[in-house]
């Protein structure tokens, strides 16, 4: 039995890692969507986390936990800088600013020879593993669930439903929106560090437009009523191309198609259930 | 005049060449019900938006309990004791009535992040209390039996009550109601009059914008009348009702002079 | 040397302006940030390519032809994607997300069909060559760019300010419901705006494709970032702003490539974007910051 399990884990190792990393990324997208913001910088934040942690372990031999802390902190700082001016503007500006950020970072990494330039960074030690990834996922999930079932969660839902009304009720809008952005960046950065340290190579093109739209599709498919929705979306969309082999090449097409269909026909996603609900059973 | 709670001084706002409010000054006393009336387009809702911080003023000051509110964002003003409802009900439709009120109590619900994350007993107790307090407010406005229903499912009149309940939850010193009776049928309006009379017993001051004259005359201690963005009259209901300038503003000069001739 | 740089910058800026026009028109009138717009850019270039290659059209015919075809495609796509959202009165961000998904879908399909190989216009298209005026070199394609942009901007301004149709468009932009109550045919106008936007994007695609003689599916995607910078700098929904901001971006980019490094050129757009958001979010001519009250 154990032997079969070990075999299974070994064969599907990269898939299992991908499930974990993508779930973390979906959670990072969830955090901003939960306050009604559309940040499309998740892939960029992931890239910053991946590159910063990889450079630290490869070039400076920094132990993994240390690199992980930087992987969370660096994107958070970036999110703070990008997010602060766009707070008082409508969500469209944030979306645009973060798309732009992603592109600029891609160009930056492409031209930064110290980090390998177009050829990317090689030889990253395999420091992350099952326990790191799924441990982090469990922690993030429990933390978010706890937050959702409190006044913070109610405030977040209020902002999502009607920002002006939420403000009138005393919810500190800029603080919540900025905090959501920073937390999402930290989670994405950590996911990036994990990804870097289970595949021995990272390149600048992994963190571009396609990546962030894919992450968005995870969250939209699953539904943002609770943190479980996006995780479900990530699991489904990561596993599906494996299960249905021929679909693998059309992954991007399918992701795009899913976003279109979900937004138009299924706005609540697969899991429209609202977490922490008191009453309001339909 | 007793203790001033809200002082609006020389408030003006201009939008790209259009002066929506010019030099409006009035005071709302603690525990009183103050009406703000005027024909359509007089600037009443604009005044509300300025006082609650949703629009910045061009000049003038707004003070609550002596401290100036100028420049403060909406949520900061709510923290200082100002609450408002909206002309078109802005309900959180998906959330239940109870959750709406609990959301309104955001500032009054303590909750440290640490306690939340680790579900400490203090947190659980606070949540329980929040629910209890929300239920109390709901029964105060007469919606106790609707507590579990989604906000969007409530009858229109009940939705307006819910909005008032939600505003109450932040424990305000001044409650601003923007046309609370709009769209209500006569029996709903009677219920609302009772509710507002009850609100006085909670020690709040109320600032009302309303078109229904009967409503205003019955409830208000003092009335300020606006027209074309400026104050044209102020005083006790009886005085305002017979003020020729006010009559002229609402009904036109001919009628006003006609009435004057008769008097 | 500087003069030549400025001139080149002006020309590429003109194309940015053209690209941004369609984009900002969609936002100003329909209130949507339409990310499939970049796809129209690529489509225009490809249609012109096939028109010149297989239908043997001269470039002066291929350009308007590509614009019209792209405009028609735009009507279909916009109707499919944005129609249901408009009817459901969905929040602003929904249109952003739906066009985001559609963009991914459309680009992937295009790449699957055409592959990412860079294609070029047939040599016959470039028989003109270049002119020399007082030491400054101007190519035929650059002249074509300026003429086209001038015609289009002029035509658009005339349409919007001096015709009844333009009035209807502006009314719809101000307040959709009221305009409809006054008899404005919203459906028709919306399709018209989609057509114009698509045509503008497509035309811009042809011109850039001509200028650099490189056509591949993702060219539109790279344009989008610059498009964002231009419309935000110019002010969302403002036509003069789009034109002015486009020219500014073009000039700054060329100067950066000339005096710093060519690879940094693309970052200029983003820097402009961030600076605008920091200092003056409404942009140069923006009236009101796009906010749902």
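Each chain gets a letter, A, B and C, in the order it is written, and its residues are counted from 1.
Everything below uses one rule, namely that contacts are C-beta pairs under 8 Å (C-beta built on N, C-alpha and C of every residue); 3 or more make two chains touch, one makes a residue touch a chain.
Everything numeric here is computed off the predicted structure, so don't read it as measured data.
Chemist: With centres defined by CA atoms only, which chain is the most remote from chain B?
Modeler: Centre of mass proxy via C-alpha means gives C as farthest from chain B.
Chemist: Grab the C-alpha centre of each chain and report whichever is closest to the global C-alpha centre.
Modeler: A
Chemist: Hey, how far is the Cα centre of chain A from the one of chain B, in Å?
Modeler: One centre to the other, that is 42 Å.
Chemist: Express in whole angstrom the distance between the two chain centres, defined as the mean CA positions of chain B and chain C.
Modeler: One centre to the other, that is 47 Å.
Chemist: With chain centres defined as C-alpha means, what is the inter-centre distance between chain A and chain C in Å?
Modeler: For chain A versus chain C, the centre distance works out to 31 Å.
Chemist: Give me the residue numbers in chain C that touch at least two other chains, ranges are fine.
Modeler: Touching at least two other chains: 293.
Chemist: Hunt down the residues of chain A that sit against at least two other chains at once, touch-wise.
Modeler: 164
Chemist: Mind pulling the chain B residues that touch 2 or more other chains?
Modeler: Where chain B meets two or more other chains at a single residue, that happens at 54.
Chemist: Where on chain C does chain A make contact in their complex?
Modeler: Those residues of chain C that touch chain A are 33, 81, 84-85, 90, 92-94, 96-98, 100-109, 112, 221, 224-225, 228-229, 232, 263-264, 266-267, 269-270, 273-274, 277-278, 281, 289-293.
Chemist: Could you please specify the touching residues of chain B with respect to chain A in the complex?
Modeler: On the chain B side, the touching residues are 52, 54, 73-75, 78-79, 83-84, 86, 90, 92-99, 102-107, 109, 111, 113, 116-119, 123, 127, 130-131, 147-151, 166-167, 169-170.
Chemist: Which part of chain A faces chain B closely enough to touch in the complex?
Modeler: Those residues of chain A that touch chain B are 143, 146-147, 150-152, 154-155, 157-158, 161-162, 164-174, 274, 277-282.
Chemist: For the complex, give me every residue of chain A touching chain C.
Modeler: Listed in rising order, the residues are 36, 38, 40, 82, 85-86, 88-93, 95-97, 99-101, 103-104, 107-108, 110-111, 164, 209-210, 213, 216-217, 220, 250, 252-253, 255-260, 263-264, 267.
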